[in-house]
Each structure stands twice: as C-alpha cells, then as structure tokens.
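Common to both upcoming complexes is chain A, partnered first by chain B, then by chain C.
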Partner chain A sequence: MSTDVTSHRDDPAMTITIARSERRQSLWAQTAAMSSRSITAFLRQPALVVPSLVFPLFFAALGTSSFSQAIDLPGFPPVQSFLDFALAGTIIQGVLFGSITGATALATDIDNGFFDRLLTTPTSRSSILIGRLAGAMAFGGVQTIIFIAVLLPFGLRIQSGVLGAAVMVLGGVLTALAVGALLSIMALRTGSPEAVQGSFPLLFVLLFFSSAFFPRQTMTGVYRRLADANPISYLVEAFRDLTIEALSLGAVVRLMVISGLAALVTVTMALRALNRRLVKP
Partner chain B sequence: MTVERLDDTAMAAGTASTTAVPRGVGSGALVASALGLAVRNLRNIRRLPSAFLPALMMPLVQSIAFSGTFFAITQVPGFPTDRSINWFMPLAVVMGASFAGIGIGFSTVRDLESGFYDRLRMAPVSRRALLLGPLFGVWVRTLILMVIVIGTGLALGARLTGGLFGLAALIVVGLGVSVVGTGWGLGLAYRFGDMRASAFMQLGLFLALFLTSAQAPLSIMTGWLYYVARVNPFTPVIDLARIGFVEPGTVERPWVGLVALVLLAAVAMGFADRGLRRLSR
Partner chain C sequence: MTTATGPGADDAPIQAEGLVRTFGSGELAVRAVDGVDLRVGAGEVFGFLGPNGAGKSTTVRMLTTLLRPTAGTARVAGYDVVSEADQVRRSIGVALQDAAIDPLMTGIELLRLQAVLYGVERSQQKRRAGELLERVGLSAAGDRRVGTYSGGMRRRLDLALSLIHEPSVLFLDEPTTGLDPMSRMTLWEEIQRLNDDGTTVLLTTQYLEEADQLADRIAIIDGGRIVREGDPAALKAEVGAPTLFIDVDATRTDEARAVLAAFGDPRPTAEGTLGVGLTAGAAEVSAVIRALDEAGIAVERLELSEPSLNDVFAEATGYRLEGAETGGAATDEP
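Let's look at the complex of A and B:
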C-alpha cells in the first residue's frame, strides 16, 4: 500500500482516494477492535450475563405451567401451548435486561476514566459507541438462539419454520441494538453505572404494561390503554406472529420495520448524546 | 438510654463496650440492645432512602402490574376470585416482606465489610440481640410496606371477602415471611461475609416464592410446577396470606400454612444463629 502511495504521490486525486481508503480501513479496524473488546467482556463475565438468560427461561417455564389453561380464554390468539405464546416475551425480556449489562459497561468506562483515555488517542469517536453496541447486538442474537434452542425440546413450535426463526434472530439483534443504544444515552449522560442499573425497574414496568406476558385483547381499562400505547407491545407481537403463524412477508417486514426503526431512532439519539458529551464532558 | 447510644457513632468510635452496653444480662438488657439495633436499622431509611424505596416500590408495582397484565386469568374456570388484584396483592405483600427481610442481609454485609460488625461482636451485647435487633427493624419496615401495599390494593378494588380475620392472616403472614427473609439474609451474610451473598439471598427467596401457587392456584396448574408447588412449604403460606381475599372455603386447612410459616421462620433464624456462631469462631 505504501508503495502505491509513493508511486502516486504526484497524483493528488489518487492520494486523496488512498487516504480516504486508509481512514475507512482504520475506522473499520477501530470499530472491530472496540466490538471485539465489548464481546470479550461479555464472555469474561458470565456471572453478569447468565441472569438475563436464566430468568426469562424460568419465567417462560413458570408461565407455561401456571397459565396453560388461559389459552382457551376469549381474546387469546390461537396457539397450541402457552410456551408458543411466551417465546416472544422471553426474547424481549432477555434482550431488555441483557442490554443493561452493555450500557453499564459503557458507564463504567466513563466512570473509571477509560473513556477519557480513549478520547486522548486518535480513535474514531463513534467507534467507541458502535463497538459497545456491537457487543450488545451479538449478545442479543445469541440470546435469541439460546432461547429458541432451549425451549424447542420442551414443546415450542415455530410455525414460520427455520426461516422464521432466522428472522427472529435478526430481530433480536436489531432489538438489542435499539435497547442498547437507548440505555447508552443514559450511560453517556450520567456516566454512572448505578444510574444505568437503576433503569431496571423502569424496564420491568415497561415490560409488564405491555403484551409481553398476556395478550392485549384480554386486558381492560387503563391497562389496555397503557399496553396499546407501549411500543414494546408491538415489538413483542411482531416476534409472536412469526412464532404462532406461518411465514409471511407481512410478518417479516413488520418485525424488521419495527425493530429497525427503533434502532435507527435510538442510535441517532445515542450518537447525539455522544457528541454532546464530547463537547461538554 | 441504651437505645439512644447503640448507634453507628458510638460503636464506630469504639466506645460501645464502655458506654453503650446495657448493664446486666437479663431479658430487659437483651430487649434494650435489640431495640438499639432496630433503631439503627430504621435510621437507615432516612439516611439511605435509595435502599428502602425500591424495596417499597417493587411490591407496589408488582401488585398493580400483575393484576393488570394477568387480569383475564380470573376467568379460567375454578379460579378462586373474580378480581385479579385480590389474587396478586397478597402475593406482593409476601414478596415485599421477604425482600424487606433480606434487605437486612445486604446491610449486614456492608457492616461486615466495613469492620463495624466485628466491633459490634466484640461488645458485650447478647448474640440474640444481634439477631433480634435487625428483626425488629424489619418488622417495622414490613408494617410500613403492608400499610401502603394493602391500602393501594383496596383503593384499586381489592375486596376483603374474609373480613378482619383475613386481613389479620395477611399481616401475620407478612411478618412471618419477613422473619424467614431476615434469617435467610443474615445466615448468608455471616457465611459469605461479602456481596457474593446478595445473589444467593435474592435468588433463593425468589425461587422459593415463585415455585408455588404464586401466579395461579394448584387447581388450574399443569406440568412440573404443579408437583413442585404441591410440596413447596411456601405454597400453604401464600394460600394463608390470600385467605381473606379469595372465595370462602378455598383454603381448606389454614393451620397448615401457619405451621409451615412457623417452621420456616424457625429454620431460617436457626440458620442465621448458626452462621453467627460460625462467624464468632
């Protein structure tokens, strides 16, 4: 590469192109390094990530035994077992709580000064955030695969088949990106791991006032209105459609659009929060 | 007088053994020492509201969220009440009381790590006071919690079908379960001596309370949970807590719940006592 640069030194257009290419490669390399660090952190601290795998599975098992007779109630979607209904809630629950770990790590970086040290290096600013989010995305995808793989032997049926399951994994990745970016905003604004951890009750409330555990159609009054207004309801239902209905373009597009739009909005907000932090540390 | 002086300041100054210790070893001295520790525990509500408020908010939110989300479960044939708040509010009281108990485990871990507890043990205070003091504090916290959760539940439409006897049963169960939580929390705190205990404290009680009729009665339960819940001693305890809020006659043998509660409380406090003895060795 350096030989090429030397040989084209007299050609300004070529020099600019090569410089841009090198910068792009450098940006990719930095983002990849940050992502690798983030993913390694997940692997090195299983105690932090295991709860976000075990608890959703536990609740799925608990709900399946407790509410098996509820599937015959009016308003309940046609499912063969409560487990089919519960999968979507399990994925969202796992991804929500798993994303807290990634955002807490970002807040810890800010809190212990590592973030500032990174800023003194010629590292791309956005790669710091994108690297962290890549870790959350990888974990979200792995979580979705684990939930499906663990629940299949217990009678889970995915009506949309292998392709539908693959779309759900992609949906899990995008959802993790959306939630990870949302929580990163809190991390960037406060720089406090405790503040990010403190978002747990808020996520808990958001999850329960949605259709994650029971269909909206069975709710009444203010609960129904809250679930109707809660975006998590629509995300959960997009996952659920792929579990309990045959594969359709509509269901795939619905999941991709909802999770993709959520990711787009929250990542944009997170990048703005990053810029604000860089201006006013 | 003794009550006044048995606080952090006196103990931390190392003056506990000379000024704060009750004269004599009778039951009056024991109660005075225990009350001193209870007052210290209660002062922490004002000093560390961030530690108390989540413990208060969680059962409140759980009561409201579960009632709304699982509203339709009461329509399943054989469900012993037609109001979901009647079913989930007593559960929230039990959960809140148990977690108020293990809260004392967390603060004991802090005292052990800071060395304060060693100074406390060196003081000629009865060992039973070290167990009873925190317990008295937990009872006050539990009573505050019960007033708020039950009051909110009644305001949201909970109907007391069992009259004052039913309300008394819920209060007795709440106080009893807080003893179980206290014993469990203290026992683990003494054994681990650091924050590793906290995960076991929460997970242990969480599993014990949810592997019961927490979400649905045994009569409509299916699968593995039915067999686990049937032999779980917390099942009759939770049934007893609900006796005043379900159809009369649903809980056929309330005394089983009372016996189970007494046994669980005795075992938990025995566990704490053995842990304290081990710590002293």
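Let's look at the complex of A and C:
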C-alpha cells in the first residue's frame, strides 16, 4: 500500500513527519479529485445546468424592458440603466438555482449509496463535502462571468471596473458555496433528491421578498420589513454596490465578508449535519 | 453459542463483542442489532446469513465505520471501529448493497477517484485501475459511463473499486443479490480467488447456496441476534438426519404416513409428497422401501436429501429463506 508509513518504521519521528506531510498532500489530492468529479457531473448534465443560466437572464431582460422608467423613482439608486441594477439579482438568482443542482447531486449520492462508499474510504469528511460543493462553486463563478459577459453588450456598465468584476466573480463562488452548503444540509438530513428540488419555490419566494428585483428604498410596509430581515437583500446589495459605484475597499470587503461569512456558517452547519448523520442516520 | 472462535482467534481481523445498535428512541426504539459477538480469523470467508431486516447490514455498517454502535465494541484489522475509524478504513475494502456507483462517471474514472481517495501513488493509479478492470473482465467497458452497465457489470466494477488499495479485509454486503446465475458464478470465482490470495472476507447473503459455496464458517442472524454459528458441514450435521421424500398413490397417503413414522419424524414437504427424517441415516432407505412394499403401497417417486443449510436455517429461525436451494421438494410453512 503506497500510503503505508510503516516502511519508515525504524525512525518514529520521521514516520510522523512523513505521515503528516503525506496526509496534507493527499488531502489536497482528494479534495481536487472529488471536485473534478462534481464539475464533470455538472458538465455531463446540460439539461440541469442550462435553465439556471437562461432563467436569470430572461428575468433581467423582462425587468429591463418593463421597468426601465423605474430608475427615475425617488429613492432608486443612481444607475444609468435598469440593467445595472438588475445584474446583482440575476447573479444571486442564478447561483441559488445552480446550487440546487449541486445539492441534488449530493442527495442522489446519498440516495443511491455512493456517499456511503465514499465514507468508507479514508478521506476526510470535509473533503467529501467540499469536493461535492466544488462543482457548484465553479459553476457560481462561471455563471457570474457569463451573466456579465452577456449583459455587457446590452448596456450594462460595471462602475468598479475589471477589478470589481473579478471581485464579483469571487463573490459568486463564495455565494454558491454558502447556498450549496445550506441546501446540502437538507440533502444530508433527508437523503432525498426530490426534497432538495422541492426547495425551488421556497428559494424563489425568498428571492422575491428581498431587494433582488427592487431597491428596499422604494418598498413600504410588510414587504419592506421582510426585505430588511432577509439576508439575501444584503448579499444582493453587496454585488450591486460593486456594479453601480466606483471601486472602493469598503464595497469589496463588504461582499467578501458577507458571502464569506455566509459560507463559513453554512459549511460549518453542513459538516455538523454530516457528523450527525454518521451517528444517527 | 455466539462466542465460537475461528482460527487465530487473538489476532482475528474481525472481532465484535456485544455489538448493539438501536434506531429511534423511547417507545419506538428498535434494537436492529442486539448483542452480536463475532470473530473472523485471518484468511477466512465468513458468511453472514439472515432474512431481510435481521440485522446483517446494520452489523456490517458498524464494522465498516459507517454507523457508530449504540453499545459494544468491534475491532477490524486490529483497530477500533470508533476511535481508530480512519485506520480501519485504510485496511478494509467495502462493497455495499446495490452496487452504489455514480452512473455519470466511467469505470476508469471511478477507479482513479477511488485510488486517489485511498492515497494510491499517482504513478501507480493508472496501472492499478487497468489491472483491476482486467481482473473483473471489464477492460473493454472501462471508458463507458457506468449508467450503461448491466447489473452484473456494476457489481464487478463495485468489487474492483473495493480492491484498489489491496485491502486485507473485504466486506461484501449481498454481493450477488438480483444477479443472473452466470454473473453470480463469475463473482463467486473472483471472491474465491481473492480468498486464495489471503484476503479475509465477510459476506452477507440471503442465499444459503452462496454461503455453502464460499464460506468457511457462517453465522445465522435473526432478530438482531446470532442464532447459529459454525462451519457449514458441522451445522448441517447438527440438524442431523437426511430427509427422504416419497410420492405414493394419493389414496394411500395416510397408510404410507403411518409406515414412515416408524423411521423418523415427519418433515415439511410440498403438497402430495411425504417427507421423513431418517433417524438412522441414508442406509435406512432400502428398509423404508421394503416396509412400504410389505404394506402393498407402490412408490411412485423417491428422493433422498442430505441436510442443507436451508434445514439449518429453518431449524434455527423457524422459517425458510426465499430463493434458498431446493432441498428436495421441501418447501415451507410461510
């Protein structure tokens, strides 16, 4: 067996050092192999991937053609076109729906037993989970790039420039991780692909009661209070600030902190759900 | 009963003591595994038999670190399944029920993923994957997605996956359930060959025939407890007498039954057939025929059946397994 460290058994100190460095190296290799598997899975299921690219763009087009006058409303953020405003909502929408695909794949693994096979290998539990989420992460980044690239010819202006756009792509990756991990908790708890896919309407409602499609400043009453309480609003606005404002350290940090923190919380929760599953499936 | 020891008992690669697993809590709690002791010696093939829901898979899931025991301890390949789970995982190969494989990937991709997960060196991954594909007869299908494989091909790939790191202990959970006889035979040969190479194998099965073919020792589990354990031949001998099945003219069945009663206890049979456990063994057959002849009863059909694992199982659990080998015309009370 190639990882067998007993071949260095004459020197215990050396054994431990080698074991550690091998462990770290193989941890990377394992996460990478798991990631490449989940990215491959994404590529091999175009029917699942295409809708989460097309629908958000469709919504952006619809919004822009219907609400182009809305940008003159009092309280509307200063933008040149509704498209500038819509981009953030488009990205979040795409990432939410794309993450469903990733989490469904995890639930399918659990459902058909492949997940158990992975758990009987000496792979770290977090590698298995992160690897599974890597497909969704990569897709989140790719989605952000595609949305920006498609909307640019239609008049989209990114005020924070190329650097800001790059930060947004990174934000897309982190958001995909956060949402993917959140949905993974559902996958781990139910082990049912149908249950995960059933979260689609819920996510859609969550998205509607946020500032994804309209600015909070123009909302009133219950709608406003719901949007104020909805974490998605703040995530959307962090993306939006980078689109409609000149590049500032504050905006960059805001997006990174909000999406990073969300990812940290949901990944931690997902790892706990994974552990609980091992003790009490 | 459950503490019978196998060869090399002290360093036995699979040892379990008082293994218990409960699902749910309070009133609804189910003890799926209720105090199982196991000892499988190095190089043994151990058959774990039982009907669905008897606790076979739950036991295997605990031994393969997928499930923490509610009580009791187990050591596999010398490591504790709870506190040294990682070392256990490095030492064992596992093929679980239903050949769980991602249908979107190809055979080679899965083998290479498995190789990375077990830390097989990069330079050796490709060679090892190729060897294993050849070993299970899938070289030609290696580049195809698993979704296109037949049931038998999946099982064989599943077995290959569990061998990537040359494990010393192999767990096979119902490896041939649902397979056609040809595919089953191929897998049996492969398991036999692995065992010849020194691999310790624990296999669960619902097929008594499978256990009879492969296992050096078997345990029968029922209701979460081991109810019989030993080598198949000894267990069969324990059940004792061979069964003689006889068909006679339907109008004289009752007379014939009375004649047969002198030779042993009646055995359950199919409609229209009489069965008797020959207390004095197979040598008694000619005496039975003579006795029937003297009574003027003509024998239309006669079959002698040595005790099978099916009989052992029936005796231990009170019922017979679906798909068990046809021990004469013997069938069951449901």
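Following the convention adopted for this analysis, the second predicted complex is superposed on the first by the 270 of 281 C-alpha atoms of A that agree within 3 Å, B and C clash if a C-alpha of one lies under 4 Å from a C-alpha of the other, contacts with A are read in each partner's own complex, and residues count from 1 in each chain.
Heads up, the rule we're going with is that contacts are C-beta pairs under 8 Å (C-beta built on N, C-alpha and C of every residue); 3 or more make two chains touch, one makes a residue touch a chain.
Not measured: the values here are computed from a predicted model.
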Chain C versus chain B on the shared chain A, clash or fit after superposition: fit
Partner chain(s) touched by A:V253 [first = chain B, second = chain C, both, neither]: neither
First (chain B), second (chain C), both or neither touched by A:Q30: second
Partner chain(s) touched by A:L261 [first = chain B, second = chain C, both, neither]: neither
Partner chain in contact with A:L118 - chain B first, chain C second, else both or neither: second
Chain B versus chain C as contact partner of A:A41, first or second or both or neither: second
Arrangement angle, chain B at one end, chain C at the other, chain A at the vertex (C-alpha, nearest 10°): 90
Which of chain B and chain C A:D109 touches, first, second, both or neither: second
Partner chain in contact with A:L202 - chain B first, chain C second, else both or neither: neither
Contacts of A:V50 with chain B and chain C, given as first, second, both or neither: neither
Gap in Å between nearest CA atoms once chain C and chain B share a frame through chain A: 19
Contact set on chain B toward chain A in their complex: 54, 57-58, 61, 65-66, 68-73, 75-77, 199, 210-211, 215-216, 220-226
Chain B contact footprint on chain A (complex, rising order): 47, 58, 61-70, 73-76, 201, 204-205, 208-209, 213-214, 218-220, 222-223, 226
Sites on chain C touched by chain A in the complex: 64-68, 86, 89-90, 92, 94, 96-98, 100-102, 104-105, 109, 112-114, 116-122, 124, 161, 165-166
Residues of chain A that touch chain C when the two form their complex: 1-3, 22, 26, 29-30, 32-34, 37, 40-41, 44-45, 109, 112-123, 278-279, 281
